[in-house]
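Next up is a structure, given as structure tokens.
Naming follows writing order (A, B, C and D), and every chain is counted from residue 1.
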């Protein structure tokens, strides 16, 4: 149960980035998984360095988040590349992000090599809790909490702030908000960067509990993709719901019938696409 | 029995009543114009008449068949075609190809996977013929997207005509065309309709010159009701009607003597 | 355009003749200049670290050979290509043989690739010395009597050894068992071997959970939760890649590592990532056919480990030795064949029998190729300890078993062989 | 000009076995197979305007059909294998198509991707049936009933099989040429350009999209079966989504709005991969960069570069 939620929290962050970008730019960004992987690797490097520099272990989370946010700096340049084809057919945008996936995979291999990277001991710095007869590392709860609060934060950002209103307006009707004098270039750059940040922070946050491997990105894309289809393209609430569904579905399958772990997810995806092509939360704002 | 018959059609969008008990029947040989101020329900009516929208109550029968939810394809095969307000063409297809599409589908050749289209004399003869009727004969090889707006509109309508329907509905056939071209286009349309044996034309039109110039019957809508269904002369005579459905601007503005 | 049958046959006949001619035309085995050895090493994905490790062993062996004057005075030159999907790897293999005209190909780890390359090597009459991926299927089904393909030790050796040790040392200390193994043939074969051996030793076990995460998975929280529910006395896992530390870390965090016995047949492949922080002491950990810190390591081994540590800042694992052995064995075989041929350079057909039964001093000790082209080596496993100078767990005491003991003999099915044991 | 170029190219591939080095001939085999696959895929993308991101499903299906027949049932006649592959593809494509063609653009791409991955995990998980990660062997087939037993595998591949594959590609090309030039082809292009308008002039949009989907599937499976012979194995990676991505990559490389784009794309991709892989371990990066450049600057691919005709706004 908690296992599923933990996975869901991470999935949500990546999926949320996917949603945001799709909602506004109408680009299904396959590279979101690569951002996740990049965040993970940089997270390891940053924390290892910080601890080496004498950082008190409990503070490593700060470093992780900082690393994730710092990595969002690749957002604008990447967005600049995508900008060249905003006026093209979606298929081309999809392919361009596919190209990014290929490139980032090798960038990671080039910078960090092929061996798995991990943080040895910080995972248990916050200790463990006993919940319902099973031991849970507090850090898992931290990640779940982080995922949850980021979800709320996104909600607040989108509904309560000016930026959020602009984003929603753009998602609803690009021409309109353009006519209203919104600077699209700027909105797109920011939205995309925010999307990247969600992915990189997600990757950075998960890393203490796992290890960074070069294929972790490609693996995750498919799941994140499942999440947005189930939740409904462009819908933030959809991302949250979808992430929970996928996370719990997998956890449930593993507990009951391990053979169908991934199969179950795809079946649900197809079912949703067939029965409710717009997704479960189609109407929700981007 | 009349070609197209609407019986007491009501159309609600939620609580808003777009059509409120509209009944009309179109006979062969008629050119009917539907007029009325914005929001009178003109486009809704056309959509109902072409089965695009199913009426909340009432029925629309074309040659005795209920058209509700029939879909454009089946409707075309039944003998009713429609052109839309906004010019709609196949940008990359040439004029010739564009006209070939309706002809092919009318002849049910669409599913012929291996037949060589290029060798299909009959089709291309008809393409040329149709193109000639619409003054596009010399542009057969040009991609639609490279045509001037006026020709695009013609091509759009021509492809609808090429279905050789018995009834054709046109949503503002001259919209987005310079006033100078309007009459030229209408002349072409009427001429072509006659040549292609189209039995009835129904159009939605704002331009009163066009309306009075070509129709032999005018249906005036107002707030979803048929305010008048009469000959142009009768309508022209009725100042109050003109005001309500067209607005003072016309009767006063365009100093047309009647 | 469609060629009729007759035309086609005539044409193809002519062409094949022409082609055959030309193929014979090219000397399949140049006698001067350097010896070309093709290498297939995974460079991306889950297999990448293992692939690199094998490549290091091969490079080191080659450099030593060349430093000592090469093979019969001819320098050795490596042509390295990437092992990836079976389809692409087969194409790379063809390139090495047809285009680079290598004398022998060394490498191959993934089971799919292993299955694909065997037949291709036979069909192309090209010597292939695999590093790994000797699955039951690969051996039994594909090429019953291989001539050109030489395979590594059986995939199940590590499981067989770990099972024997478990049966001997932990008998009666566990009853409920859970297995978490990567979801592909390697994982399944090893788990099956474990169960078979428990049965053979008459150990009453109850399997409370069987988990099959995808190879290279990075999140096991759900699996760990399932294991917590199952509460096994013993957890058996043949993880060998990055998933090993992740699983151990998450298992430890969930408190599974206290009071549960762990059997990690192959974790030694990523031993450096098994940090003390989450790897319990006393777990059975397998290093396969090479243990970098073996107390009685040969001078050769010590030298390699030193070089490896200085060059890569890492302690080497077994795949390096697989790689090293293929090169060393090839050298020995060529020299052996040459001696038989009265000192003149041997043909490939003469090298093959020389490889059969050849025994050489490899990093981990003596190794040989059996007459049926299966590798023989020594396996190293032991119980984890934190008493060392590293931040990761090592093993002490070190148990060793030879493949004579833990690998099925020629011509016998794995399970028939296990059932034939006297225990 | 273009004619002579085409003629020369045809001559070159016909004469290749006498002049070209064996390895490069073996390289041409996957190029031929992919050529067939892409001809089908392009009927969907280039002609009908539907981008499938799961077309590898049918390639894998063809390969596994070949495996099941040769290894499982001992059927070695390549003609039978190809027919079976086509049949299997049609069988699978009918239900899938009925579902998929209800959607367009990104949703079509996602649904096809999902089905592709579903098939992948099926191949991977149900190992008793599919051999799991190891896949199933594809044995050397008989061509028109002949075994060519006197030839080694390589001679077989670059001799008879080379011409067999080439002939099959030629046939596939002719068939597809007819399809694209047929009234049906015209309707597909109309659908691509403007579905609503097409429907308004009497084209049954969904039905024709469905036909296109099934045809593409059949081409995919036939190509897949052909592809599996040189490899000698059918494995799950053939169905993985990145393989589908590569298919679209090849298509774009060659030029999707040109009839011969698929063939050029397949050939160039294979040769490029061969060279780059030998040059650097980071060939994925190079390929990503190439794809990006193509998408941004040459959306009409290599053939788009050659002919000046302004292509349809991509």
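By our rule, a residue touches a chain if its C-beta (ideal position, glycine included) is under 8 Å from a C-beta of that chain, and two chains touch if they have at least 3 such contacts.
The shown structure was predicted, so the numbers you read here are calculated from the model rather than taken from an experiment.
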**Asked** To get from subunit C to subunit D along touching chains, fewest steps?
**Response** 1
**Prompt:** Using C-alpha centroids, which chain lies at the maximum separation from subunit C?
**Reply:** B
**Request:** By CA centroids, point me to the most central chain in this structure.
**Result:** D
**Message:** What's the distance between the Cα centroids of subunit A and subunit C, rounded to whole Å?
**Reply:** 37
**Asked** So, what's the distance in Å between the C-alpha centres of subunit D and subunit B?
**Response** 44
**Centroid spacing, where centroids are CA-atom means, of subunit A and subunit B in whole angstrom** = 51
**Prompt:** Hey, how far is the Cα centre of subunit B from the one of subunit C, in Å?
**Reply:** 75
**Asked** Touching two or more other chains, which residues of subunit D qualify?
**Response** 125, 281, 284
**Message:** Give the residues of subunit C touching no fewer than two other chains, as numbers and ranges.
**Reply:** 43-44, 214
**Request:** Specify, in ascending order, the residues of subunit B that touch 2 or more different other chains.
**Result:** none
**Message:** Based on which chains touch which, is the overall arrangement a line, ring, star, complete graph, or other?
**Reply:** other
**Prompt:** What are all the touching pairs of chains?
**Reply:** A-C, A-D, B-D, C-D
**Request:** Using the touch rule from the top, collect the residues of subunit D that touch subunit A in their complex.
**Result:** 45, 51, 53, 99, 102-103, 105-107, 109-111, 113-115, 117-118, 121-122, 125, 241-242, 245, 248-249, 252, 281-282, 284-285, 287-289, 291-292, 295-296, 299, 314
**Contact set on subunit A toward subunit D in their complex** = 28, 81, 84-85, 88-92, 94-96, 98-107, 109-110, 218, 222, 225-226, 229, 233, 259-260, 262-263, 266-267, 269-270, 273-274, 277
**Request:** Mind listing the subunit B positions that touch subunit D in their complex?
**Result:** 71-73, 76-77, 81-84, 88-93, 97-98, 100-102, 104-106, 109-118, 120, 123, 145, 156, 159-160, 162-163
**Asked** Which part of subunit C faces subunit D closely enough to touch in the complex?
**Response** 1-3, 5, 8-9, 11-12, 15-16, 18-20, 22-23, 43-44, 81-82, 85-88, 90-92, 94-95, 98-99, 110-112, 114-116, 119-120, 123-125, 135, 137-138, 141-142, 183-185, 188, 214-215
**Message:** Using the touch definition from the top, list the residues of subunit C that touch subunit A in their complex.
**Reply:** 43-46, 48-49, 51-52, 210-214, 216-219, 221-226, 228-229, 241-242, 245-246, 249-250, 252-255, 270, 273, 275, 277-278, 314, 391
